[in-house]
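Working notes for the structure below.
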Amino acid sequence: MKPSEISSDVSPEVLLRGREITRRWGGLLALSGVSLDLARGSVHAVIGTNGAGKSTLINILSGEIPPSSGSVELLGQEVTGWTQPRRARLGLGRSYQRNTIYPSFSVFENCRLAAQAATQRPWQWWRSAQHCDASLSAAHDAASRAGLNDLLDRPAGLLSHGQKRQLEIAMCLATAPQVLLLDEPLAGMGAEETERMLALLAELKPGHAILLVEHDMDAVFRIAERITVMVNGAVIASDTPAGIRSNPQVQAAYLGDH
Amino acid sequence: QAPAKLKVGLMLPYTGTYASLGTAIENGFKQYVAEQGGKLGGREIEFVKVDDESDPSKATDNVNKLIKRDNVDVLIGSVHSGVAMAMAKVAKDTGTLLIVPNAGADAVTGAMCAQNIFRSSFSNWQPGYAMGEVVAKKGHKKVVTITWKYAAGDESVRGFKEAFEKGGGKVVKELSVPFPNVEFQALLTEIAATRPDAVYTFFAGGGAVKFVKDYAGAGLKKSIPLYGAGFLTDGTLEAQGLDADGLLTTLHYADALGTPRDTSFRLAYAKAYKQQPDVYAVQGYDAAQMLGVGLAAVKGDTSKKAEFADALHKAKIDSPRGPFTISRFNNPVQDIYLRQVTGKENKLVGVASKALADPGRGCRL
Amino acid sequence: MRSCLLTLPCAFSHSRKDEAFFMDLSIFLIQCLNALQYGLLLFLVASGLTLIFGIMGVINLAHGSFYMIGAYMAYALAPVVASTFGGGFFATLAVGVVLAVLLGYVLEWAFFSFLYEREHLQQVLMTYGLILVFEELRSLLVGDEVHGVEVPAFLAGTLPLGELMTYPVYRLFVSGVCLVLALGMYLVFTRTRLGMMIRAGSTNREMVQSLGIDIKFLYRVVFAAGLGVAVLAGMVAAPVSSVYPGMGDSVLIICFVIVVIGGIGSIRGALLAALLIGFVDTFGKVFLPQAAGVLVYVLMALILLWKPDGLFKAG
Amino acid sequence: MNPMNHSKTLFVLLAFAGLALYPLMAGNYGIDLVTKMMVYAIFALSLELLVGTTGLICFGQAAFFGIGAYAAVLLPAQTDAPSLLWLLPACVLAAAVYALAVGALSLRTKGAYFIMVTLAFAQMAYYVVHDTPLGGGTDGIYLTLKPVLGTLIDLDKPLVLYGFTLLMLAGVFGFLALLARSRFGRALAGIRVNEQRMRATGFSTYPYKLAAFVISGGIAGLAGFLFAVKDGFVNPEMMSWHLSGAVLIMIILGGLGHLRGALIGAFAFALLQEFFKSEAVFGDFARHWHLGLGLSIIASVVLLPRGLVGLPGQLRARLVGRSNLQGARHEAV
Amino acid sequence: MKPSSEFILEASCIHAWYGSSHVLHGIDLAIGRGETIGLLGRNGMGKSTLIRTLLGHVTQRDGRIILFGQDTSRARPHEVARLGVAYVPEGRGVFPNLSVRENLIMAARRGRDGRNDWSYERVLETFPRLKERLSNLGAQLSGGEQQMLSIGRALMTHPDLIILDEATEGLAPLIVLDIWNVISAIRASGIATLIVDRDYRKVLAQADRALVLQKGQVVLQGNADAVAASPALADYLGV
């Protein structure tokens, strides 16, 4: 199959599927019965008011926290009971809304360590990690895609906020996931980096399934195939960008005059 | 020419809980040496000191420091039983002469005994056993014992039980507190609930102070007499205050024995060190005496172990506590006194057990 | 006693055992009182650590030394205060606490103020050094003997308890002090803005400063207060515990156990943990004497495996 | 490789060369002392793997040390000198097995809670030997016959023991150095810095931490074994929290995050004690050696923010000018 | 240029270092009373560093800072804040172990002129989402909720100058709109603002004046309209 055929397929391959996901925090219903499908070759944006439960959704899909009820299916397998690392190894990558990097490591080591997840071999205690070419090249690749080529030796903790955001994405890419869950990847990035990131997403789109949580509506409308809108833990609409833009309910609850 | 100096290694606690005991032992030892003009067995004495911190896990190193680095001829130490056990082991292996000036672990002159290991103090068994006889004679039938859960306490209680049950009594309950916990209230209540005729106890230092105070505070002192091994009230009376008044304890020493020997010792000690001597000072003093007796017999040659031991077995040590001999297991055969606390002093009441010798269980000599 | 406690109803069916039962019941109640009182005492001893470690986040191994300093102050200050101010138990307490606060202020300035930005374990090293120094200074200044501290005359009485026993009034006084202290600390840290600032400072010093709060000064004051409380605990507990070398060392671990079981930073938690330990220790000594030493640790392991953040999460 | 790394390697090589040559010029006591320091260095290295590398602050390391030591005494029959061949692995294994159990449970907790749970398990081990007759109770027990290997290696001889301990130290150091560079070691470092991210990228961190815990326990057991063989005496105090604390102090003093730190820390701590206890220098004041030790530890915290290993870097920075501490604190890999 | 007395903040020749790296190279900046200044530049150009230097958080600094007529060149951060400066840092700086309510009231104070218009109630009205979460800990909030909290907390100190570093990060468009309205309102009430925001168009539309930073130096500055119209702007921002 050629890439072009994938994207034009009428029923695209679903890589990640969440069914009726519900999550409570004490009395608060952070997610109530949210379902969504992520298909290969598409960007699926999830937008919604602050505290709508978007990050919670990503946390549940990636296995960071368990759902109160509902199920998750990844690459055709039922993974609801799986741990986060196991899901990650199967091909799920995520970025965090709040920087989650290794501050005392160099930028390159941040990426390399992420890439190492694919080839762990912990029992090879006598071989230097630097001799694993697969993870080295994956790390280089991810860093340059995220625009960090000039900063490879800089300790990550000393980066500026925006640079950390770039690193956050680079680390997600370094694991070479098939499914990407990106929590506000553009937040904190400047105009230039935003453009670069959008180009990167477009480049990744074929062959990957991408869930994009973002408040930058220009970006979302430019890149997403499908948009789901959440308010207070519930999906109020799920449609094409055009459909969402004209949905009065969404405008009232979230978009304003956008 | 004069013979080379005799190096005496003092391995005693100078820091931590037992620091004051270590100092008293050293003072006593030095006093005797000074009385002899700085010489024992014709050899001038030189001291090397090591702080053993009362830590058995460092004990072997500390002994080795004295033996291998400082090449001492004689080892003196220590207070803590575990430390003394480690010292005994090294002494046994290397054949270095060891005199234990306090630690009461039965094994030092029992299972661990050796020709070159002596003790100038007591075995834990001794005061306990003596008190067992006393309590039995007083007609008490039901006794509860209470101590810290560690070897010294167990051994003391075992000695007490042996004599007391031989005398027709019964130890109805053996209570213990984890070492070094000092919260006794629960067990005092337990004692009150059991209503024994008497209580036998083994505590020392801060634990002894607290136990005596709590026992009085709980009102038990009025109704259930308390007996103890002597350390209960030794070096602790000032802190215990009135609560200790009237307590009966057994030990190989008492504060005002009134013998000329003791009086002159006490005077000299008080003059030299500006404080009153206690049983620890006596034990240090006697350790020096024992060394002196042995050295005199071998003319200062510490390698003649058999002669050294022989001389001690035959000798009568003229101690401030009263004369004592050395058993063939190298432990003092001594009178154990019954003392009563009056006015912050352990006053002599009588002899609880005359010339009491430790059975030296497990010793193959 | 054991069998009847475990099968309480049995006592009711056999009326001739009633007397024994009431005797047992009264002993049981006395043990509960002992446990309660011991728990409160433990809280008192740990209270300074609750401030310095629990709330400020400084790993303070020297807490035991502060407590020891307090106890020795109770012993050494009393005659001095008596001769200069005409004495009095409370005057001694006041003088001691003032001295302690001054000491704490200076200590923080000299030894801790630069540690907050460093690796946390450096605090371990620093406070370990302080333990050694304090213990040795104690030995140089006051000597190595064991001392007792008199209970003030107006608290010296005892109350009858059961048939044989009496209960020292002073112990009740100690419990009272503890309750007042616990309540005071709780209110300050949860209800006042000062408390909020202090808690905020343990997570983000830069932001606290950006809000116009002099965090350095604030932390110096809290540290001083923590030391003041530790010393107060030492002084109040001294007549009960007596005063001896190495006494700080013996309370250090149990204090950490209390703060951690309770949930770091929670005063309610620390109080509950102290009471729990009081009960486990008291009844452990009675019912499981062979294992009494280890019970506290078993309790801690169980609690933390059950609730990995302690009984009360901070907040 | 940059010159920094060369100087580090050089330092380690020189240190080991020095230790190998040391017996030529030392007397009996010196050999004993350095043997002890090397045992502590092994012990410190075991904790460094947990604290410095993995970020797991274990406050119960003495338990593994003690179990290794007690195993060395309790396992062999008292009639024949036991063979090193089985006794050593058995002691290491005993400690590692306990570490497995402790780790499996305590790794459920984090931070200060982890510290206290490891303490709790160590105290349990402590009370088992303290309150039961199993190991001779509080008085401890003796190792009467020292282990041998053939006729050549008889650990009863101080010089042989010295050589053997040095070999073990070098072996442990080499093993840990390789481990730190390996993917396993890098993963441990990642866990220390940000466990959440490790999990998100696909590392199951629990088995990694558990493995580190077991390895560390085993190495501590090795140190305990050597200690028991050296002293011929074990006592419950070997498992007390004081020792767990002391070894933690050693590695912090040396400088966390570097194997050299553990080595330097163990030696420095012991040497400082020796120095302040020495009557030759301090006369009668030597009995207050805690004061000197305490003051020098405080001074080291004030002056050496990164421990003793950081000293050369600090001096260099001082020479170069503007101090670069802020940057230097981050290990650029 | 206006006479200096009208400036509440005058900084000249500001340099800053992190360790040995020299991040700011002689920056001049002045803020007038009630003025809104935009600070633009790509990632890592020194915007936040400039702000942190002005606030006294960067200790290795050089240059002269006059704030409300006082020399704060070497002042400590809390002294600067006490003069009437509030700060909404990038990454929010919410106290994770304090509840929402505590976060808000812990540092609240009246303005230097006794103003008390940003009451607790008004903040909660502005950010109704916070009202529902009052007893939650800071750590339990969503990213946007934390951002609201941070802004609300800053307002409750009643500053004369408020510095917003990426204050709209992670906020929903409607809320962003609200924030910009709040900023307008603040400006109207005579409070000066220094804004860093990734939406440079919005910044330029709101601000009176703007500065563009490049590698620690000011490369473009002037009235917002002029900056917006400058052909070089696109270059400096990389768009």
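Going by the order they are written in, the chains are A, B, C, D and E; count residues from 1 in each one.
What we mean here is this: a contact is a pair of C-beta atoms (placed from the backbone, for glycine too) under 8 Å apart; a residue touches a chain by one contact, two chains touch by 3 or more.
Chain by chain, the UniProt names read as follows: A = Amino acid/amide ABC transporter ATP-binding protein 1, HAAT family; C = Amino acid/amide ABC transporter membrane protein 1, HAAT family; D = Amino acid/amide ABC transporter membrane protein 2, HAAT family; E = Amino acid/amide ABC transporter ATP-binding protein 2, HAAT family.
None of the values given here were measured: they were computed from a predicted structure.
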Item to check | Fewest touching-chain hops separating subunit A from subunit C | outcome: 2
Checklist outcome for this item: Intersection of contact sets, subunit D vs subunit E, gives A, C
Checklist entry - So which chain is the furthest away from subunit C, centre to centre on CA atoms? => result A
Checklist entry - Counting C-beta pairs in contact, does B-D beat A-E or the other way around? => result A-E
Next on the checklist: So, comparing C-alpha centroids, which chain is the farthest one from subunit D?
Outcome noted: E
Checklist entry - Distance from the CA centroid of subunit C to that of subunit E, rounded to the nearest Å? => result 45
Checklist outcome for this item: When centres are defined as mean Cα positions, the distance from subunit A to subunit B in whole Å is 74
Checklist outcome for this item: dist(centroid_CA(subunit B), centroid_CA(subunit C)) in Å evaluates to 35
Item to check | Junction residues of subunit E, two or more chains touched | outcome: 18
Item to check | Residues of subunit A touching at least two other chains | outcome: 158
Checklist outcome for this item: Among subunit C residues, those touching two or more other chains are 135-136, 139, 293-294
Checklist outcome for this item: subunit A residues touching subunit D in their complex are 62, 64, 83-86, 88-89, 93-94, 96, 100-106, 109, 112-114, 116-130, 132, 153-155, 157-158, 171, 174-175
Item to check | Residue ranges of subunit D touching subunit B (in the complex, touch as defined) | outcome: 27-30, 32-33, 36, 127, 130-131, 137-140, 142, 230-233, 235-238, 240, 242-243, 277, 279, 286-290
Checklist outcome for this item: Listed in rising order, the residues of subunit A that touch subunit E in the complex are 25, 47-52, 54-56, 97-99, 158-163, 165-166, 184, 187-195, 215, 217, 253-258
Item to check | Touching residues on subunit C, where the partner in the complex is subunit B | outcome: 1, 23-24, 27, 30-31, 34-35, 37-38, 135-136, 139, 143-148, 150, 158, 160-168, 171, 240-247, 250, 281-283, 285-286, 289, 292-294
Next on the checklist: Touching residues of subunit C toward subunit E in the complex: what are they?
Outcome noted: 193, 196-197, 199-200, 202-204, 206-215, 265, 314-315
